[in-house]
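Just below sit the structures, each encoded as structure tokens.
The two complexes that follow have chain A in common; it is paired with chain B in the first and with chain C in the second.
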Partner chain A sequence: MKEARNWTWQIITGVVILFCGALHMITVHMDDILGWYNPAGGKAIEWANVAARSADTTSMVIYIILLGATLYHGLYGIRNIVFELRPSAGIEKLVTVLLWLAGLGLFAIGFYGAVALKMA
Partner chain B sequence: MNEGKTVKVVFSIRRFIPEKDSAPHYENYDVDVEPGMTILDSLHQIKERVDSTLSWRFSCRMGVCGSCAMLINGRPALACNTQVLDISNTAITLAPLPNFDIVRDLVPDLAPLFKKHIEIKPFIVGPEEDTGEKELFGEYIQTPEELTQYLQFTYCIKCGACMAACPTFATDPDYNGPQPLAQAQRYNSDTRDAGFEERKKAVGGAHGAFRCHYAGECSNVCPKGVDPARAIQLLKRSLVLDYLKLRKDTGRASIKGAPENATRREEIPDPPPFTVEQK
Partner chain C sequence: MESRPKKYPNRLGVTGWGLGGRWGVERYLYTIHRLTGIGLVLYFILHIFLTATRTFGQESWENSMSMVNSPFFMLMEFVVIIGFVFHALNGIRLILIELGFAVGRPEEPVYPYRSSINTQRPLMIVMMLLAGIFIILGGYDMFAFAH
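Showing the complex of A and B:
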């Protein structure tokens, strides 16, 4: 059933966001304490460190996974909110299609950005 | 013998007689409340002594039929099960259950609830294959542990309080609602049942179990302790496991057929003869 599939992925992406998001937050905001992944020294958010992380394959993969999970989780949540306003069946289909297009489009842009930074 | 003082409590009751009122409005009634009186007792007093036009549903007056569910000081509850002085000794506000159309006064139109209930097939669904006479005259073998998996959910008296309290049902009348979803879980978790696949269509759709946000108000107001919120989460879990093909199929309860060639024990007497002619 479609809704069981959608909800299952909502749970999975929620767990992925928890894990990958936590990694991202810890790396970027707890560098003073942990000093993770600051190959260029200094602050984690300095460009040299951002570039160094972007060039790393593991980081790129994690960010792409985080991007996909966040887009799915957030856009499915928006879909649920809209559906609770009880639009017609036609509007429901339209909303679903538009959100899929928006999600895939944003994923493509983010994916390109991640890969481009890696290649740079 | 009365112990305790009689207290005058003001009952503010939402009235609506469709034939003569353009909109619901509140009317106040003074009720002499003795300790131990329920909301239902008070309504009877009002109808007998003050206003005979007041309407509401009631039947068993002991909390088992679910007829008298209404909004009591902003909370869905059974009128027969609620003592006045437990709520207030000065003012009580009564209104019909929200999230339903009003038939009259405190009488909601519960047809949508019953329609949704029927849609989830609230009965033991048999297997596709014909199990023959053994099923008709035999006995299901079910352990006490298997019974505890669904027993709590059988306490539902279809009063509608959970539906009235549900914020999702308030905004989405197409949502199944806590009562039907809890009953779907009741039958899905009954080892005698083989209807999971059929019920999936009713509860797994766009306005089904996954629209539940786990507000928990349904469980808060249920007068019988059914805990529909828990039932819905269990139902969601089973639907997700089913999608992932991880749902354990423990198989249907076995049937013990009626004993063959059984004879009555000698110490058990024959039934008395009929006193009227049997056609």
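Showing the complex of A and C:
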């Protein structure tokens, strides 16, 4: 039942990444075709546009949601791939703990990156 | 107490991803889905650290952006776009099938036989065509306007 719940979250986070990630990819990789959310004009990765998006609350919230969803989706996927190879129960536990630690650590770094400019 | 399900050994291991037998297109798409997923996780970890440099100010940000402005990194970024688009659209296909929306109706096995592949195969073709369109758009934005 626990794995069924985890898999349900895998699907939910996949859908979340689809919308938030697509928005992010369109903003950054279709900046010349569409030019969405580049208030300073020019390329999406220029400092003026990066600072503007970082100072915006909506963008900050979307980035944090995208960060959490992507970390869960990606690391749970890695866990599934490793578990399919049928390691021992000890290795399974170790992999789960390491992935949790990596996920929480990366979330902390990404979260700080998302809020730092807003708070400055 | 919940009993653990019986574990069967994975005889083929990773080689089973591609050399498991006579599989259809969809099985190989699933293998590519895994490979793109692994690639995207590795890219994402680097991406977190790279984008965190903006917290140290404009100079730090511009230094890190100049580091990834070479043709090699631009090509790798396009590979990431391909991976993301494929993984996303194939993921939509997998979710639709898993939730039963693209499986088709059960029918009696009377000739000419219809199975769920009659619904799944067109869905796969549509998703891959959409993926191709988005990849071309992303590549056009990246390379046609590069300076």
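We adopt the following convention: the second predicted complex is superposed on the first by the 120 of 120 C-alpha atoms of A that agree within 3 Å, B and C clash if a C-alpha of one lies under 4 Å from a C-alpha of the other, contacts with A are read in each partner's own complex, and residues count from 1 in each chain.
Just so it is clear, a contact is a pair of C-beta atoms (placed from the backbone, for glycine too) under 8 Å apart; a residue touches a chain by one contact, two chains touch by 3 or more.
Quick caveat: nothing in here was measured; it's all calculated off a predicted structure.
Once chain A of one complex is fitted onto chain A of the other, the partner contacts of A:Thr8 are limited to chain B, with no touch recorded for chain C. Once the two complexes are laid over each other on the shared chain, residue contacts for A:Ile78 go to chain C alone; chain B is not touched.
With both structures placed on the common chain, the touch criterion links A:Arg86 to chain B and to chain C.
Annotation for chain A, partner touching more residues between chain B and chain C: C. By the document's definition of touching, of the two partners only chain C reaches A:Gly110; chain B does not. Put simply, chain A uses residues 11, 84-86 to touch chain B in one complex and chain C in the other. Touching chain A in their complex are the following residues of chain B: 168, 171-174, 200-201, 204-208, 210-211, 236, 239-240, 242-244.
On the side of chain A, the complex with chain C involves touching residues 11, 14-15, 17-18, 21-22, 25, 29-33, 45, 47, 50-51, 54, 67, 70-71, 74-75, 77-78, 81, 84-86, 106, 109-110, 112-113, 116-117.
The touching residues of chain C, when paired with chain A in their complex, are 7-10, 13-14, 34, 37-38, 40-41, 44-45, 48-49, 51-52, 54-55, 58, 61-62, 65, 81, 84, 88, 91-92, 95, 98, 137-138, 140-142, 144-145.
Here chain A touches chain B in the complex through residues 1-8, 11, 80, 83-86, 92, going by the rule given at the top.
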